[in-house]
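The structure's right below; bear with me while I get my questions together.
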Amino acid sequence: MMTFPVLFVFCLIFSSSYAAVQDFCVANYTAPQSPAGYFCKNPANVTVDDFVYTGLEVAGNASKINKVRLNTAFVSQFPGLNGLGLSLARADLAVGGSIPLHTHHGATEIILVAEGTVVLGFIDSNNKVYLKTLNKGDILVIPPGLLHFQVNGGNSPALEFAFFSSADPGVQILENSLFLSNLPTELIAQTTFLDTAQIKKLKGFLGGTN
Amino acid sequence: MMTFPVLFVFCLIFSSSYAAVQDFCVANYTAPQSPAGYFCKNPANVTVDDFVYTGLEVAGNASKINKVRLNTAFVSQFPGLNGLGLSLARADLAVGGSIPLHTHHGATEIILVAEGTVVLGFIDSNNKVYLKTLNKGDILVIPPGLLHFQVNGGNSPALEFAFFSSADPGVQILENSLFLSNLPTELIAQTTFLDTAQIKKLKGFLGGTN
Amino acid sequence: MMTFPVLFVFCLIFSSSYAAVQDFCVANYTAPQSPAGYFCKNPANVTVDDFVYTGLEVAGNASKINKVRLNTAFVSQFPGLNGLGLSLARADLAVGGSIPLHTHHGATEIILVAEGTVVLGFIDSNNKVYLKTLNKGDILVIPPGLLHFQVNGGNSPALEFAFFSSADPGVQILENSLFLSNLPTELIAQTTFLDTAQIKKLKGFLGGTN
Amino acid sequence: MMTFPVLFVFCLIFSSSYAAVQDFCVANYTAPQSPAGYFCKNPANVTVDDFVYTGLEVAGNASKINKVRLNTAFVSQFPGLNGLGLSLARADLAVGGSIPLHTHHGATEIILVAEGTVVLGFIDSNNKVYLKTLNKGDILVIPPGLLHFQVNGGNSPALEFAFFSSADPGVQILENSLFLSNLPTELIAQTTFLDTAQIKKLKGFLGGTN
Amino acid sequence: MMTFPVLFVFCLIFSSSYAAVQDFCVANYTAPQSPAGYFCKNPANVTVDDFVYTGLEVAGNASKINKVRLNTAFVSQFPGLNGLGLSLARADLAVGGSIPLHTHHGATEIILVAEGTVVLGFIDSNNKVYLKTLNKGDILVIPPGLLHFQVNGGNSPALEFAFFSSADPGVQILENSLFLSNLPTELIAQTTFLDTAQIKKLKGFLGGTN
Amino acid sequence: MMTFPVLFVFCLIFSSSYAAVQDFCVANYTAPQSPAGYFCKNPANVTVDDFVYTGLEVAGNASKINKVRLNTAFVSQFPGLNGLGLSLARADLAVGGSIPLHTHHGATEIILVAEGTVVLGFIDSNNKVYLKTLNKGDILVIPPGLLHFQVNGGNSPALEFAFFSSADPGVQILENSLFLSNLPTELIAQTTFLDTAQIKKLKGFLGGTN
């Protein structure tokens, strides 16, 4: 009978003993989220491995376009971050590589350069540009929500780590929002002042429709 | 002797009686801000007019480019908002007018259409587009930090009010960040994939340098 | 067999794919709340209509007593507000109408007058009264938690919009708390100093018992 | 010359050495507040006595009307509370005494009965009454912002301590807001439905004008 | 058939009517927690008893070692505290009794001495010691997260109440963390500089392994 | 005349133009802090260098005792972090080196191992030990406020970066709190159960008095 597997999952979720003291709330990915994050895994079943993440040991998937490999350790990958307001990521920038203009919805970001040279820029609400070439060991903080980008500023690969003041900071990349989406060309033109030909060229390149 | 006016201001700022109970913290614009907002005006000198703002009775200054007039009631104009985490604005959109693609650094926004028809769009981190035509009395909430825009969707002027979950939400308009700033053309090209000619055309139009 | 419908609902709630990135948390009304709000609806099923509310296009239900019609767009009506800390309402005040003395539990409120004239008053912890006549386009901010009221101050209907720094600000109307409830008359008398006759008269009028 | 005393105060406020690590922010009462509380006293001058308050050893001033003596340890009296989001108070209720209906602007309150018997009531936004007789050692939590009151429910004096989730919770006592203030009688009548005679009687009793 | 009881519980949890307005969120202990606390009990089933706790009327269980009896009213015992950011506890210190060195993870604590004399000490990040002898009615605030302890400083039993800025402040007692746990002796030695013999003696005393 | 330099400083602090929009609040170290952090530097004088910190390029000062070199980038060194709730540090652990048992007052910490092998341990409120050997690229999150330590677990130097959810997380090292302070030996004995001889030995070693 079909109901057994469902009930089995159900019982795991609603087992009756919850530890009296909550020092942490490791994410339980089998249930929906609340505005404050995922449900807590039963503390009795939590082990140190819930607080460890090894996925940042290596670079992320390659992007042919930008010569950058991004790899994230957000709460959706790393359950120990749930409810703790922190996350991180790594970026491997090949020579000539860049992370295009983007924002994180409201999270502050700290960049730490681990290898090579990175040119980092951000722009504030008064259209003032903050531009800096960072070397190994340098750190830079980007105030929350501002548009920013990184480019490899040297002749060798660069590696940087980014730390965020949110367990799920989001990454909104401008070029993808505009040219990989189905936002109609005429609305893009009207709200960015870009030429229609430019928009269509980039949509063709990135895969956007309409 | 030159010191008297300064000392006079000084005495006003540091007068010795602060009310024991603080129901509010009206902004004192004569001193610097803290991360939580402006200093509090001495409660003894606060009147109801500190909590009232009449500047939104009229449209803001005209923008020849976008056919939109923006007028804000942020904490820097409206002292009663200090520390209270709310602000508002009005936008008057002429026929064919638009508010270009922009973000607010981390603030949620609610749009209320007061007159006419507004097409509102926002894009999430997964490049999914949310597009809606709003009529008089309709409201729409834009999740914090996401790129969005508005265009007049009708044949008559439109008026909308916007409410923010921050006393100072900032407005980062993409076209100004890129084309009204001194961000170098080659960095824009490398981090947006726009053609150099397009960038230079818009810089010429909006006034950006480099 | 009776278990099927329940399990069907259950499966909808606990479907297994949750988007990796959470830009928002639209309310799922079929499950209980957490202290931070409702569960999130599965992002894959979210559409722009979750962020739109049309219920404020019209006045709320009439109240014969106060000549006021209140209509709210709180998170329990408008799912897109969940977790975002904002909500709104409209009040239509007939000539001679009023919103009786009330509080919102801890939320700041901004009033925007859309039509007519409104006299707004609030009182602080030091028993200082802040009273203002507002005209079309005026805004006023009421610090969190303070007692306040509105009355139509003109000879024509008034319309105002209210914005709150909470998705669920609550509305505690003094007259209803005292005279529409089952709070014993002698306790009201002892803790308000009102005469017993006055209390009984208002209980009779509003429907309170005891 | 008159400027010396002022400058002396000034130098004390802006002395140049601030400890690198801030475990606390003891209130400096000689400068204005920010939205997050008072300035921090220079940590080098902080002693354990900044964290100690002895003023709650005794009952507060008597109130002839209510047979209650209130004494508070809010941040304006107890500098160590600054920025820490907690405060407390004691109430000594004589036989027949009461704390009239009141609210705190957004703070949660916990009541601990130390002596005697206290009847505590609060009312929620749905006009539901929560009423309880508390004995020595009992505790009760009042959700933030709701109207509540206490009365001595026994034949001996009662003592209770109250704890608040704010360093400055405010106390808005309904009878004082209405009848000890200069709120015009006709506005009170219109927004509470009380009879004019009742209002005038209580104004006469408590000292309100208009 | 085995599924009925489970489904019965299930239906109670997911009953379909949730009150529109949420003034509070009483803990539902039959479901897991979110980062913001327990699920809310259906408001329709909430009574005043959810907000009352009588368990602090008496001392907690005796500890032979420290001559102290601790009794807590945290959210896991007192459901009304859920989501409200406050909790409390009582400590009964026999003559010669003490509460060993401990921390609460990030919560501020206020101590109120109800009987006897208590010597309270805390230490800041700069290794500065704050030491005070408190008598009946005295209060002391301990900044969040700092190491602290209490000892009975008189010749009679002492009683104190503690108030916390968290519904679940945790109590991490140093001696238990080190000597009642399975933390290997050599790691303790390396990270505390204690002698191995001392560590083994205390492990033998308190029950730790490894 | 002596007053001029003071007034000059004063004028710099209270210069009259503050930018209308605040995307950030760079620390002004010449004035006291508020509970939310330092005053903001005038935005007109902010440059990109306020957001950059190069002090972590190198190891911190050597500690002969622990074979560890700690270097911090907290808000008191790095002004751009002010108000942003993030900070970081690096630790260079020689072979056999360790960071002794310590806490941060309420901040979450993420450890990223950049070189070598680190054994990290933390203990929760239930005296459960979480122990892990981390290699290059591994990350581990330590829930807020819990006691933890690190030791070099390999045969070569280790380098790690730590990230905190506070601009000023504090570091309370247990051995220093107890044995480098003036906490009286008898109180240490009474509240830790350590032998007096052990306490005196470590005080002699670390420099504590009393």
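For reference, chains read A, B, C, D, E and F in written order, and residue numbers begin at 1 within each chain.
The rule is short, and it goes like this: a residue touches a chain if its C-beta (ideal position, glycine included) is under 8 Å from a C-beta of that chain, and two chains touch if they have at least 3 such contacts.
Here the structure is a predicted model, which means the values were calculated and not measured.
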Contact distance in steps, from subunit B to subunit E: 2
Most distant chain from subunit C by Cα centroid: F
Inter-centroid spacing, subunit E versus subunit C (mean Cα positions, whole Å): 36
For subunit C paired with subunit F, centre-to-centre distance based on mean C-alpha positions, whole Å: 45
Where subunit D and subunit E are represented by their mean Cα positions, the distance between them in whole Å: 26
Residue numbers of subunit E (touch at least two other chains): 3, 10, 13, 21, 23, 31, 34-36, 105, 124-125, 131, 143-146, 170-171
Contact graph of the chains (line, ring, star, complete, other): other
Touching chain combinations (by label order): A-B, A-C, A-E, A-F, B-C, B-D, B-F, C-D, C-E, D-E, D-F, E-F
Residues of subunit F defined as touching subunit A within the complex: 19, 21, 23-24, 47-49, 51-54, 56-58, 73, 78, 80-81, 84-86, 88, 108, 110, 112, 114, 124-126, 130-132, 134-146, 161, 163, 165
Residues of subunit A that touch subunit C when the two form their complex: 3, 6, 9-10, 13, 29-36, 74, 76-77, 105, 168, 170-171
Partner subunit B, residues of subunit F touching it in the complex: 3, 7, 10-11, 13-14, 16, 18, 20-23, 25, 28, 31, 34-42, 82-83
Subunit C-facing residues of subunit D, complex: 65, 98-101, 103-107, 119, 121, 123-125, 127-129, 131, 143-147, 149, 151, 170-172, 174-183, 187, 190-195, 198, 201-202, 205-206
